[in-house]
Amino acid sequence: MTDYTSGEMMTVTAARALENGMTCFVGIGLPSEAANLARLTHAPDVVLIYESGTLQTKPEVLPLSIGDGELCESALTTVAVPEMFRYWLQGGKVNVGFLGTAQIDRFANLNTTLIGDYHDPKVRLPGGGGAPEIATNAGEVFITLKHSKRAFVKDVDFVTTLGFGRDGKGRDGVPNIGKGPTRVITDLCVMKPDPETKELTVVSLHPGVSRDDVIEATGWDIRFAKQLESTAMPEAHELDILRELKARTDRKHAGA
Amino acid sequence: MAEFLSLHDAVARYVDDGATVAMEGFTHLIPFAAGHEVVRQKKRDLTLIRMTPDLIYDQLIGAGCAKKVIFSWGGNPGVGSLHRLRDAVEKGWPHKIEILEHSHAAMACAFEAGAAGLPLAVLRGYVGSELPNVNDQIKFIECPFTGERLAAVPSVRPDVSIVHAQKADRKGNVLVEGIVGVQKEAVLAARHSIVTVEEIVDDLTTQPDYHPNTCIIPGWAISAVVVAVKGAYPSYTHGYYDRDNRFYKEWDVIARDRDTFTAWLDANVYNASSSAEGDA
Amino acid sequence: MAEFLSLHDAVARYVDDGATVAMEGFTHLIPFAAGHEVVRQKKRDLTLIRMTPDLIYDQLIGAGCAKKVIFSWGGNPGVGSLHRLRDAVEKGWPHKIEILEHSHAAMACAFEAGAAGLPLAVLRGYVGSELPNVNDQIKFIECPFTGERLAAVPSVRPDVSIVHAQKADRKGNVLVEGIVGVQKEAVLAARHSIVTVEEIVDDLTTQPDYHPNTCIIPGWAISAVVVAVKGAYPSYTHGYYDRDNRFYKEWDVIARDRDTFTAWLDANVYNASSSAEGDA
Amino acid sequence: MTDYTSGEMMTVTAARALENGMTCFVGIGLPSEAANLARLTHAPDVVLIYESGTLQTKPEVLPLSIGDGELCESALTTVAVPEMFRYWLQGGKVNVGFLGTAQIDRFANLNTTLIGDYHDPKVRLPGGGGAPEIATNAGEVFITLKHSKRAFVKDVDFVTTLGFGRDGKGRDGVPNIGKGPTRVITDLCVMKPDPETKELTVVSLHPGVSRDDVIEATGWDIRFAKQLESTAMPEAHELDILRELKARTDRKHAGA
């Protein structure tokens, strides 16, 4: 077995969440890395859509921005941004939205707006971008981010993007809404919302990670599934492909 | 009918102090040369609209041109924060600015509605988000057919929109290709528009890559066409030059500090002429 | 994911009696071969949606397939009346049909809204027209920002849309070019879709005329792709064959009389096989 | 002076109404003939837009339908039909809408829906098409049709498309609406709405046409302007170009 980092563990696990043939609206950064790894390994026909209008794109290197030329050049076609959000996302063509975030709470609500008070922010974050409507108009949502007490908080400072609401009932009775976050993949574990309460619950620990590791990195009293699984380790070929992808990417971006 | 103007004259004529300005280009084709000219001409109290403020508005904000920013994602893509935007919002440097923030879906629809001459855009949006609590321009309407609650936002109707594109022809018709973003919508939604281009060709419809459905904005729907070679740098122009991702990373260092930012602005904008920005 | 089917099988699988069907193509790319297959399979009680019913719906109405027609301009373009549509509306032959009529602007917006997954389209329309008096699906809403009264119509969401296009590739991705009409919207708005094409190529993105912004509908957004050579005739396929304007004029004579129409239908549709319609 | 027909007189007069550089949303038939004649004579830079999405088109022959291939092949670009109606017409980019009609009344309301009662029509006409929104969203409207008592009626059976309403006040106080019909060009005369009442009034008689000719062909008590003008005769070069255009058109459509 090859050595691997916790970041690689996270990316490989996130990639495996995507099934071949799924249509995935991809967020930049970790989701993009995972989605492209999926495409280069077990899911060659996964359809990747970026909000820049690039439809069914197959970038050779990872884009730095959501609209790098690479995305357009390797796309099936590129549409205007209003069409992307109207026809493809809101029109119900996206199976899964793959998002990152700055903060997430126990009901999988996402905050990418700010830390502190809205009118006197301690830290101003970039804002919502595509996430608010990706999270509600995609069939389901996968979230991936690194585990830390700063990121995993009991209540987000601001609900930029709906998970299950501040009480877990934010999607109840809302017409034409997706299932919401169905899994959260971190560098320590995989979480899923409890079927009843919608509270995020650890369902799988990555190899070598203990319950205490997760408890310490989580800002609320995190629960564990009764049938706690152990995440499958990355395969050598997954790591090879991921490392080649990242090396190609670094060479390309350094040489610009 | 589009007039061919210098970058200086186009900005001087159409960008007034206090105006509402949209400089668009979704990652691609960001009109940096024009943005720098706005900085050089020391325009003030602008309401700046852009889905992704990007470096171009970070520079305008840091230079003191902005009164208000309307946006939906204000980061340095793939890198991190826009430090000048943050400094203005968090600490009021160089002065306090107002912000009004939307989601991408809402802003894209608002540009579309502006191009369509409508006062509002309707979307299935903002469900469960707290953005409507802090943006009084987000309202909700009820569908008269289904009763569904849908979000409504005012359309974007700027005083002037500025975009960059690949090329124009002698009639001022403009070709936009690649990631077309909300470029066409921005131009059509605005009272006036400036389009900077990499080059002028004789006739777009006789170019070898002409296609019956390419995105061409007719010259009669544009106020001014300006030649600005590399006018989108460090953003990029599909078919001409790549995005300078290294500069986007360097910006994180330049913009983090007020002094290095000011020095950069002096060296690269104030002391550059508009012709150094590719103005023909 | 698009399946490659024969014309017979695609129509048999996706067009049910009583279904709401949109066969689109604005003058260009009208899916006549598929329409004829619907006639041959004697589908009944269809709600037929099309901006311009054209000869294709004149034939379907005359053949007794239609229960209701939703449209915005029901003439033979440049020639005159659609006699089978008129005979059904005015005299109930072969049986009475319901009609629901809109303006083009409203129907175009309704297709757009259908593709966008919305229940309604909003437009500045029907001002002073009496169409809202006879179409209870036209309502008015008030803009929450300006108070302006705007028209609202339900979006178009067919059970199945059928369109014709230039070509598909091995993955079922479809290229539409020229007058693209509401082809893409019709496909995206529908629960199921059938696209007939002139030919199959290996990969659309490596074709010599590929352009980054061409109108390509991905195979995974289509239910069935069918090869139907000259499948739009007597309408046309840009790049393949011209509109047979002479036939459109002749249709005026054929369709004026019930017997000549019936004879034409027998000879040209019922007694033609789906493979004579270019089915591969 | 060349001989000419009353139809040619109508087309030439209608063509002259268009100014060079105007953006014109063109109806099929007589408006299309007139608009292309204008383009081939005094208004080479008139911008012709057809509802099929063909923007700034310069057809070599007249199209039979609103979407002949000729229109796309000679256009600057061709956009989707929803975009045409939303961005270009409703978006306020059209200076003049050029329309024909089956029926028109004294307030320039147009009927292209039916003769008789809506629910039991004597004659079912094609319907509204683009006209209802062309008439309200274009800056102004020109109308051209042949003069007859059947076409020029006191009150249309059905207002498909607004002129000035059944009382002449249909545009009063309506926000974001064009000026409406500013002239009607027939084979006998030119009419304009009275500035106060909006009732159509003859402002110019074509050469050789008498007041009685117009009165007999009009279904209401038609008024004449105090300063009644005489329409300028067609010039030889206008007739030449029109006839060549029609001959080219006939050859093309017969040969299809």
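As written, the chains take the letters A, B, C and D, and residue 1 is the first residue of each chain.
In the analysis below, contacts are C-beta pairs under 8 Å (C-beta built on N, C-alpha and C of every residue); 3 or more make two chains touch, one makes a residue touch a chain.
Bear in mind the structure is a predicted one, so any value in this text is a computation, not a measurement.
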{"item": "CA centroid of subunit B to CA centroid of subunit C, Å", "value": "38"}
{"item": "Intercentroid distance (Cα basis), subunit B paired with subunit A, Å", "value": "28"}
{"item": "Residues of subunit A whose C-beta touches two or more other chains", "value": "72, 78-79, 86, 90, 137, 176"}
{"item": "Where subunit B touches two or more other chains, by residue", "value": "112, 117-118, 123-124, 148, 178, 180, 184-185, 212-215, 238"}
{"item": "Arrangement of touching chains [line / ring / star / complete / other]", "value": "other"}
{"item": "Those chain pairs that satisfy the touch definition", "value": "A-B, A-C, B-C, B-D, C-D"}
{"item": "Touching residues on subunit D, where the partner in the complex is subunit B", "value": "21, 23, 47, 55-56, 72-73, 75-79, 86-87, 90-93, 137, 176"}
{"item": "Subunit D contact footprint on subunit C (complex, rising order)", "value": "26-28, 51-52, 71-75, 77-79, 81-82, 85-86, 89-90, 101-106, 108-109, 111-112, 123-131, 134, 146, 148, 178-182, 184-185, 215, 236, 238, 242-249"}
{"item": "For the subunit B and subunit C complex, residues of the former touching the latter", "value": "117-120, 122-124, 137, 139, 141, 143-146, 148, 150, 152, 154, 177-178, 180, 209, 211-215, 238"}
{"item": "Partner subunit A, residues of subunit C touching it in the complex", "value": "1, 112, 115-118, 173, 184-185, 188-189, 204-205, 212-216, 218, 220-221"}
{"item": "Subunit D to subunit C touching residues, read off their complex", "value": "28-29, 51-54, 63-69, 71-72, 78-82, 84-86, 89-90, 109, 113, 118, 121-133, 136-137, 158-162, 165, 170-171, 174-177, 253-254, 256"}
